[in-house]
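Note that the chains are named A, B, C, D, E, F and G in the order they appear, and that numbering of residues resets to 1 at the start of each chain.
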Amino acid sequence: MNNLIVLPLIIPIMVGVVLVFLRPYVKLQRVISLITMIGIAGISIFILNRVQTHGIIRLDFGGWEPPFGILFVADSFAMLLVLTASIVTAICLIHAFSSIGEKHEKMYFYPFVLFLVAGVNGSFLTGDLFNLFVCFEVMLLASYVLITSGGTKPQLRESIKYVVINVLASWFFLVALAFLYGTVGTLNMAHISERVAEVGQGPLLTTISILFLLVFSLKAGLLLFFWLPGSYSVPPTAVAALFGALLTKVGIYALFRTFTLIFYHEPLISQTLIGIMAGITLIAGCMGAIAFKDIRLIVSYNVLIAIGFIMIGLAIGTETSIAGSIYYVVHDMIAKAMLFLLAGTMIYLTGKSKIDEMSGLIRNYPLFGWMFFLVTCSLAGIPPLSGFVGKILVGQGAIESGSYVLLALAFISSIVVLYSLLRIFLNTIFGETIISLEDEKPMKLGMIIPIVLFGIATVSLGLGAEFISVYVTDAAHTLSNPSVYIDAVMGGNK
Amino acid sequence: METLIIMLIGILVAVATYLILSRNIIRIILGTAVFSHAVHLLILTMGDLKKGNVPLLKEADAPYADALPQALILTAIVISFAVTAFILVLAYRTYQDVGTDDLDELRGARDE
Amino acid sequence: MKINDVILRTISRFVVFIILTFGVYLFLSGHNTPGGGFIGGLVLASAIVLLYLSTDIETVKKSLPLDFKYVAATGVLLATSTGFGSIIFGVPFMSQTFAYFDLPIFGETELTTVTIFEAGVALTVVGVLVTIILSISEDGG
Amino acid sequence: MSISQMIEFVAVVVIFLGSVMSVISAFGIIRLPDVYTRSHAATKSSTVAVLLSLSGAFIYFWVSEDFISVRLILGILFVFLTAPVSGHLLTRAAYRSKVKLTENSSDDALKEVLFPEDK
Amino acid sequence: MPAQFLLNLFIAFLWTTLQDEDELKMTTFFSGFIVGIFIIFLMHRFFGTQFYLRRLLSIIKLLFIFISELAQSSLLISKQILNPHWDLKPGIFTYKTELKGDWEITTLAMLLTLTPGSVVMEVNPEGDMFYIHAMDIEQSKADVMRSITKFEKAIMEVTR
Amino acid sequence: MFSINLVILIPFIVAALIPFSYRRFKKVHLGWIVLIVPVVLFVLLARLIPSLASGKTYVHTYEWIPSLDFNFTTYLDGLSMIFALLITGVGSLVILYSIFYLSSKESLQHFYCYLLLFMGAMLGVVFSDNLMVLYVFWELTSVSSFLLIAFWNHRKASRQGAQKAMLITVSGGIAMLVGFIMLHTMTGSFSIREIIASVSEFSDHDLFIPAMILILLGAFTKSAQFPFHIWLPDAMEAPTPVSAYLHSATMVKAGIYLVARFTPVFGADEVWFWVVSMVGMITLFWGSFNAVKQTDLKALLAFSTISQLGLIMSLLGLGSIALQFGYSADSVLYTQATFAALFHLINHSTFKGALFMVVGILDHELGTRDVRRLGGLMTLMPFTFTIALIGSLSMAGLPPFNGFLSKEMFFAATVHIMEVDIFSLPSLGLIFPVVAWIASIFTFVYCMIIIFKAFLGKPQQEKLDKPIHEAPIGMLISPMILVALVVGIFFFPNLLGQYILQPAMSSIYPTFGDAADLTPKISAWHGIKPELLMTIAVIIVGAILFKFLKLWKPIYGLFSSRFTFNVLYFNFLASSVSKSNLVTNRYMNGLLRHYLLYIFIFFIVTVGGYLLYFKAFSFDISTNASFRVYEVCLVAIMAVAALSMLFAKSRITATLLNGVLGYSIAIFFVIFRAPDLALTQLVVESVTTVLFLLAFSHLPDWKKEKLSKGTKLINGIISVAVGLVVVIVGLSVVDFNLYDPISSYFEDAYELAGGANIVNAILGDFRGFDTMLEVVVLFIAGLGVYSMIKLRVKKEDENIEDQ
Amino acid sequence: MIEKILLASLTLFAISVAIALFRIIKGPSMPDRAVALDMIGVNLISMIAIISIVLKTKAFLEAILILGILAFISTIAISKYIERGTIIEHKSDD
């Protein structure tokens, strides 16, 4: 039964490889990959519910007991992310069907997406730090390919930077792993946590924890986000949406995991430093979001704001604020994917990318326009859309712990988000219509459907927050109480 | 020995850092290669050096050298190879299409 | 004067067989001595690389009409499906089993699922390496 | 000193000879004036050096551990086979990439065939 | 000739089975092979061809030539390197051979390369002309001319 | 009893139906259908007035997110009833009016959809007991207001006005939200009723004042209080029915509602009194002062609205002082200010609604709202004129109109406050009547402007595009009903007082016993009191000022236009954008080198800094393994090879040096007893070299690095520092020996996994999962390289991506 | 005694490697460097053989053969690169 939790990783991989053999049959590839993602979403729901009834599920690969083998650990936090990632991917795939082009599709586009998902899911699920590195690499390699797929000049230009910076990040990851192995002599995260707690997190271990902070911050785009705006604004729309939704979340996940499970003993790092970094990220994101006229840049900097916001939840570190961050992560994955799809579709429709070059799209594409408005409200945290619950809980945590600066930054950022997106909305969606009926590119059904699906998701996630609250509460509880996780991993065979 | 190797690692890291800060893409790629050399040595050094025999049970007797870091390095070597291959191709594809191997000329358009 | 690669070609033809044999040996012997899927695969791949180096792409294609992408894909499928097999048998994913058999000719032989797994690894390594090298070489020339 | 110890000692001396040979050839690599003459040092002395040390090792393992290493034999064979080829390929490449012969050189039979225009 | 080899294998196998042991042993097989060699040597005239191990002998002979050339040349080059007054005249000269076929040419080229003071640089497209770099052109030319017929003969013994 | 929750939901449901069904109503103006909603709701609510007047309240809860205590709880009491009646009542009239105002050619489905959205949201605001739900509806009113202001979004001014309104009100909303969360932190409850019930327990909490200020920020932005008033004039870009409805009668009063609602929570605090009343007073003055200079009638009404909202706000502030004193016979006097506030709230909606509709009529029929182009309409548009006259006079505070009554009460309240002696400076209280009086003069002046400039004097047909004519009857019905109310309330004020205002007073003063005590008897004539004298003085001075308007109007020129709040707002936005652009472009400059430098500096500063500052460095060479000479040689070789890479003049040299490094590392793997590693390293290194060579045939040889000396120096320093940090941490880690690694377990590999090669057993079995994924990594790379090479974009496909 | 000689040999081989490294750094021509690299490979083979004796293990004998193979392949690749600029051709000229 526990084998179930490897499925979110192994199915995409195997299906991806099979699709390589099905190269010429594009339609078949589409159907199979979509079914795969929906299937994984279904499995994830099942696992998520099982976690509620049976507690954390773990799978020792090869039957080797922790800490000796590699294992997957499915707790509510991980599964929530896996579930959201699967849903987001499925929807982005639908968009890709009509936007990515047959040439790309025949160049293994779907296998790469599936590998990306596998890497992402693996990163969420693994309970072994070195395996996390490997899962990262699966995800990264796939992302390297996807970011260049198409091979336009800007893509090549940005992907070089993206790849080099990520290679450096991976290097730091290995250095950190080496140091950690040199000190605590183990790789299993729960076991590391036990050992770190046993001796107390002395200065050396804290130094190493900063190294992990550096690594995961690079992935998460926390403070070290320089690679992000460029690389998120060049790939094809569906890919950009996937990136915007998934990639940084993996880093965020890792930060949450390591700094709640392992290195939670030194608040100077786990709270103050992360708090400062989150704050700066937020400010930089806000500045970037209003600085530019290129839609893709505006959207990319909005990613930073969300990262800062989510990390503030960790920096505050109360159970409430962590729950808030979890809500917000789930929301952000959906809303960001939607935003990226909208931005990309807008560029596709007009052939322009600057906000002052387009206008009045609402006349030509009313539904599209309203979806943009919806996502604007959602990302600005306007209730009852999905961003709202997380925002309140983070705020609540901040007030309870007296982190007023972070509180102020977090909430002011919502205004900037609103401003930056309203600027797009008012300039492009509203305004004098510039596209005459003859020049109007027809809106492909395959492009608007995923956007609407995301729209429905963000509304229902807000209105139906109660449905996921039980999972979020459990996830936050596990994160706030490391012993829950440790007991599940180290507490004998299940 | 450990101290000596760590000093060497330090030099490798410094060289790699200097290389990766270059403008030329090949230098940068070489920088990443040197980085991986350094970290492979580092992982090995973090297990105890020379404190045991070859980890082949039929070949030698206990004590054995720490085999886990060796396995990790093996994985790391293969991964860094994969990445190097990719980045090399990326570099020359960029050169073919954009016409430069100079990162300063790959800044991209500014948005005012 | 045109280049005459006769020496290189002749020696390589011979050397390639040494390397191939050695590669298979490394692949099989990994269980008890250094070697295994990776190294075996790498060495096999270098043999093929040597073929390419000493002759040319077309010649190798004629004598080795394989699409190495599919070789690699088969390898990955093989490696993953040994893991997947465990799911069917209801044991933890990636559980490897091993047993000793007394076979004629080979004597006491160990048969393990790891070997299948490693075969997958080796195939992938060969497939990927050759794919990469071939793709670059075929490009624009 | 038993026979086997003596043979072991001889093996080690063979190895040592190899190392001396190696240093000499390395010295040649610095001393000789151009790449062609240096490749003489590389293909000959250095090959001999490695053959000596491998043979020494082979003998040593044979005597001290009663182990006939096919891998070492193969290694020896391999070096023996490939060293001249390497020398050939490298000098050819050097000439074709227009690396100059040393000033002292007298004849150059290749020049008229390969680069007649440089005359 | 392959027929001789197969027959030899068969004899060895027969020998092994005749030994009637519990298990197959490499050593038994090996001894059977040697027995086979002996039998075939006696009977080789029946086949109307040369004894197949003759070629092995010529190969071994060739190998010795190789080794001795290598030893000489390495000594020579060591001497040249260590000679404080280096005043040799290097150069490139040609040599036309009568050998044909890839294996023959290759073997000869390798031999020449291992000969003291010379390295084969090029083979012409027709495959009958070597361009040889010599450490000291006068001496090497002479050396090569002196020993080359010996080499060619040894090679042809193996291949023809 | 139907649930109040349904009252909120009905407009939303109808709004949601409109986009799907509006096409069916081609023949009928959509407004007629929509009109049913507010009328029905009004009737439904009105039927509850008697029971509310008898002290009943209605609570109903639907669970929304019970685990977070966000529940859809509605609470109908006197206070919410006033607002609900305004929302549905004025809503009905406005929709009726809009049927004639908006032609069927406009996208009515949008208009009514937004309007219903707003109506539902606004009802939600006033009925919600749960703070979070209140916030939901609060923001929804901002959103719907945004949409309505931007209704004619092809106009730039509309879009800008909408953006400004949305930004300011949503920002305020967010501040308010934080305040709400603070309240929850203090009380553990989101229910307003529960919070009010537990006021005494948390009024000395540290967060009490911050929460108060934040909530007031929400109220002030929404109610266009100084200095947040700047959005309201721009919001006049909306169609006039919207201005009449949202931006004078209802939405802008949400802030008033909020202040009234929270008076029982915060009112007992002195800060509340000062902030609310002073902000109200300033707004009152500033609004009326600025209204006078407007030439656009709608802008004039906008400033007038600002001013009147200030008036109501200040009254609520003044009324809160009663809570400071606690319930006593004396303090009841001060509650009259609150009473006046509620009274004026209703009155304002009536006369201002009517006036907006008048302006709408002018705009609609004549095509302009500019007083300079109007004049002499009295005779040509008699009905419109009558309405305008009544509305203006009521606004100016003249009898026999309801405005007179509430303004009198306002003056009375300011006079009462003057007598309160709790202030340390006794003369400070004088501010209130003085400001009130001056503001009223300006109010009088601009009311006269409406009457005289637009309707009296000579008609100026030449300045108009359309002939002057009376509006169709349909457009006149709604304003007529409103002015009828203006007059009606003047004559029967106590009906209103008893049924509507009294229950509301008990909501605001829940601790003040019998609400009947708090309900003064309103009478038009109550003897010659200071307030009456003040009114008379207003009329006299106002008339003089109006007469000599031209003489003193230049005063407005004294205020530099560069420092108006409006300009400040725009400058702030513009400079944020340009500064952000400057700063972001500066560090996000697209240079990989800089990005990497940031990362390295972060590494050096945090990792190195922490290590050194907290003295984590420890070093002991004695535990080290021994070393041999040749190993030192190898180390030296590697170091030299590495360093030479920096100076290599050609890429092949560097690649070969990298190969030397790789091979040497393989030797170290041998020395450190790692046979599998040595093998792998050797092969991988060679294949990598081959790859480099392959790629080189597609790349140019490298040129000398064109880096300035300074750059090189920085690079050098950073590189050395990075190396040093790694060394220091590495040495410390080597010295850290508290744990045995877990790897001794793997030494049983033969028994456990059937392999004698431990490394291989780890790779194939113990950690086979890593290996499996590693194979996948390799596969992705291979496939990726293939697709990257094979997939090329044709030049023409590269359209905008290339910019 | 034996070990001392072996260590001395190792040191000598290491010195040869160092000298060859000098040639790689100094050049002047590419073939010079290639010759030196080839030599380094060959010397490393010897070193592995000797270290195997010192460590009394047969675990590294595979490495000897591998290094031989790879040094050869690298040399071919480098020389072809120097000579033709490409190391793998589509089709031979003949």
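Brief remarks on what is shown
Keep in mind that, in the parts below, a residue touches a chain if its C-beta (ideal position, glycine included) is under 8 Å from a C-beta of that chain, and two chains touch if they have at least 3 such contacts.
Keep in mind that what you see is a predicted model, and the values were worked out from it rather than measured.
Each step here moves to a touching chain, and the least such steps from chain B to chain E number 2. For the pair chain A and chain F, chains touching both partners: B, C.
The interface with the greater count of contacting C-beta pairs, when B-G is set against A-C, is A-C.
A centroid comparison over C-alpha atoms places F as the chain most distant from chain C. Among the remaining chains, the Cα-based centre furthest from that of chain B is the centre of F. Centre to centre, using the average C-alpha position, chain A and chain B are separated by 28 Å. Separation between the centroids of chain C and chain G, computed from CA atoms only, is 25 Å. Chain C and chain F have CA centres that are 63 Å apart. If you average the Cα atoms of chain C and of chain D, the two centres end up 31 Å apart. Counting partner chains per residue, chain C has residues 1-3, 7-8, 11, 15, 18, 22, 26, 32-35, 38, 43, 46, 49, 69, 73, 76, 80, 83, 93-94, 96, 128, 132-133, 135-138, 140-141 touching two or more of them.
Shared contact sites, meaning residues of chain E that touch two or more other chains, fall at 109-110, 120, 122, 124-125. Annotation for chain D: residues touching 2 or more other chains are 25, 27, 39, 47, 74, 78, 81-82, 85, 88-89, 91-92, 96, 113-114. Interchain contacts (touch definition given at top) occur between A-B, A-C, A-F, B-C, B-F, B-G, C-D, C-E, C-F, C-G, D-E, D-G, F-G.
In the complex of the two chains, the chain D residues touching chain E come out as 21, 24-25, 27-28, 31-34, 36-37, 39-41, 43-45, 47-48, 51, 80-81, 84-85, 87-88, 91-92, 95, 101-102, 104-111, 113-114. Contacts from chain C toward chain A in the complex involve residues 69-70, 73, 76-77, 80-81, 83-84, 86-87, 90-96.
Chain B contributes residues 56-59, 74, 78, 82, 85, 89, 96 to its touches with chain C in the complex. Within the complex formed with chain G, the residues of chain C that make contact are 2-3, 5, 8, 12, 15, 18-19, 22, 26, 33-35, 43, 46, 49-50, 52-59, 133-134, 137-138, 141. Only residues 8-9, 12-13, 15-16, 18-20, 22-23, 25-27, 29-30, 35, 38-39, 42, 46-47, 49-50, 53-54, 56-57, 60-61, 65, 67, 69, 71-72, 74-75, 78-79, 82-83, 85-86, 89-94, 96-97, 99 of chain D touch chain G when the two sit together in their complex.
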